[in-house]
């Protein structure tokens, strides 16, 4: 097993990632249809979400079924920011849906969103902070993996029902639809233009590079170690709960960023963004694409969401059934997803007869280490 | 305080008991499965849903009276559970997170399968007239059917307790729970124990579904509403029968009281936050499964 | 005044008293073997020292600092390392990566995010890999190592961690004769720079490495001294062999 598998070669990996970045950056050069561009950008968002799950679950071993908390809360924050951009403090201070709900004053927690910078900052910080608190509570208590997964799901559903029910403040099931696109430094960002696409593209590339460097750092190594044996890691001197909270919060931050960019593209948010099926869907993308491969997870999201849009509503029930069945097969036989399949194939190609660098047999027989002293 | 003042509060307490019984019967199948096999079955909600559809189908095609639909649903869903355990779950026992995900896949398949067969429109299960009226207990008012659910829950808990603590099978289950290898060395077929327990857990979910199909309408998506609640009972309870009874009672009453004080949604949010804090101090739940040292 | 002082330790699990007023002084740069019949409380004592369990009462003092209430990683940071009975290594990571994680000079997660190869690591890796004989196996996934190699990997990891005090729980369990020979040489070498506490059953092995032997019985201190003294102690014989024949 000392032969080199191309899959594990760092330069090869970066080359593939680089190629991927170039391809997605060049898309607007070939696609001029604004609607399609917007659709591709949304896939980019899904890719970011899948990546965040891969970081937390694949590398850290923390199954998070409630990633929608960060995504949804940030999306609402962004929507609130964009909504307030179209309001005027003197002539038109209150969003129309609030007037419909007989509110006379802007609620206190909407006030900070008058400021665009402040609003976006809150949209990113508040969900991340929640993750820090929730993670600290759960990880310091050393709650088991499945229990943590369920609690994340419970909190997701709690937030969803809360937002749904606070009709006057959040417009309930109807959601918030800011009337105009996001305006930054005086310019409108057309959701159907290349600028919006490149912002998302840039976000995806930045997040991917950051995440990849993170996994290659000492921090990333400790995270992978604690996935396998957290107790051993503790005995080596590392504060495991702190590391787990860090990776969980970083994953949440990425999801929050995705949420902000999503509203920039779609100009709408509703409690559906906190749907349990959607959050678990992110896990399915990462699972099928490859939870231990950042790029694998991203491509998994592209594949599944792309397939779903292509098949449309008519075949939705069948599509979901097939997806469910395929997911079962992947979990059962391909725990590392399609990326894992590639790893195996490349590994098999590397181990061709006559190319053995060293046979494992002598070690097993003698039991004694072969190196000289 | 006059009786007029405490009446609504007492009503909330009685309602809390009814809510607790619903949580408990939804969770009991899951408790058995988690407590014995250590599997968190994400398809549990769909087992509930299948129970409801079974009752509906038996009633509409064969005209089976409701009370007979209950054991019939048990049998049918238990069979489905058996197939799933043999076909999938048993290969994933040492991978708890993967079992969670694989059973999510199963839930998707079951939900969409039912949708394709029965359609997405709501179905209704008929119950005898007598169950549809209300009854007064002191100053609290409760529908008769909710009392029936309460009674059936109590019956099922008693039967389950008897099964696990008074029969030979139950002793085998408890032995396997403590130490699988040692139990096997005494001739207990752990494989069979797991299989049977999973089937029983599924069957119980089916019974719950038949009852819920009356309380709410029958839809392919009805299971998802009960899944989170059922999981929380298991998490808070710790995975034992006693734990689930205590957890269901506690959370059911708390939810009712909170809802009485604020509103329904905020009550749920508050309760979930409370559970998170509780887990911080007692991560294994109220009455956790006593597993032997590996 | 030893480097590690255990004072009147008590530990009960439910109703069972496992440690019953155990006290011990460990002198710096010695190898102390902890022996005793099964159930004497040796592994529990290790658990208590490393923070895996908390004592019901009593104190553990490391170089004057009370570490009784600290958590595992805090105790580890203060210089106590442990090698487990069943080798605990990271099976999905390569041997090199195992060593890298074990090199825990820097435990702050944020600083670790910014660094890849800490200073001094390569030299130490070379040293430890040579010593444990794993120099040619650095890129092998740890799960594929033989049992003996896995034991050496864990020993190597603890060396990378380089704790002042090293706790070893049955380090030669499952090893071949030659591997045990090698371990004896290695431990005697290590005595010169580290303090060691070794739990063992194999008296032949104990004879070759121990500076002092402590016998535990029923969670309490029974006897201590050189192995030859211990072997002749009537109380020890009684505990191991039962009542002497008349």
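In this document, chain identifiers A, B and C correspond to the written order of the chains, with residue numbering beginning at 1 in each.
What we mean here is this: a residue touches a chain if its C-beta (ideal position, glycine included) is under 8 Å from a C-beta of that chain, and two chains touch if they have at least 3 such contacts.
By chain, with names taken from UniProt: A = Urea ABC transporter permease subunit UrtC; B = Urea ABC transporter permease subunit UrtB; C = Urea ABC transporter ATP-binding protein UrtD.
What you see is a predicted model, and the numbers here were worked out from it, not measured in a lab.
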item	value
Graph class of chain-chain contacts, one of line, ring, star, complete, other	line
Central chain of the complex, centres being mean CA coordinates	A
Computed distance of Cα centres, chain C from chain A, in Å	42
Averaged-CA centre spacing for the pair chain B and chain A, given as whole angstrom	32
Distance from the mean Cα position of chain C to that of chain B, given in whole angstrom	47
Interfacial residue positions of chain A with respect to chain C in the complex	1-2, 214, 216-219, 221-222, 224-225, 227-229, 231-240, 242-243, 246, 358, 360, 363-364, 367-371, 373
Complex interface listing, chain B residues touching chain A	40, 88, 91-92, 95-98, 100-102, 104-109, 111-113, 115-116, 224, 228, 231-232, 235, 263-266, 268-269, 272-273, 275-277, 279-281, 283-284
Chain A contact footprint on chain C (complex, rising order)	50, 52, 71-73, 76-77, 81-82, 84, 88-93, 97-98, 100-102, 104, 106-107, 109-110, 112-116, 118, 129-137, 139-141, 144, 146, 148-149, 152, 157, 161, 176, 178-179, 182
Chain A - residues contacting chain B, complex	61, 63, 134, 137-138, 140-147, 149-151, 153-155, 157-159, 161-162, 164-165, 276-277, 280, 283-284, 287, 317-318, 320-321, 323-328, 331-332, 335
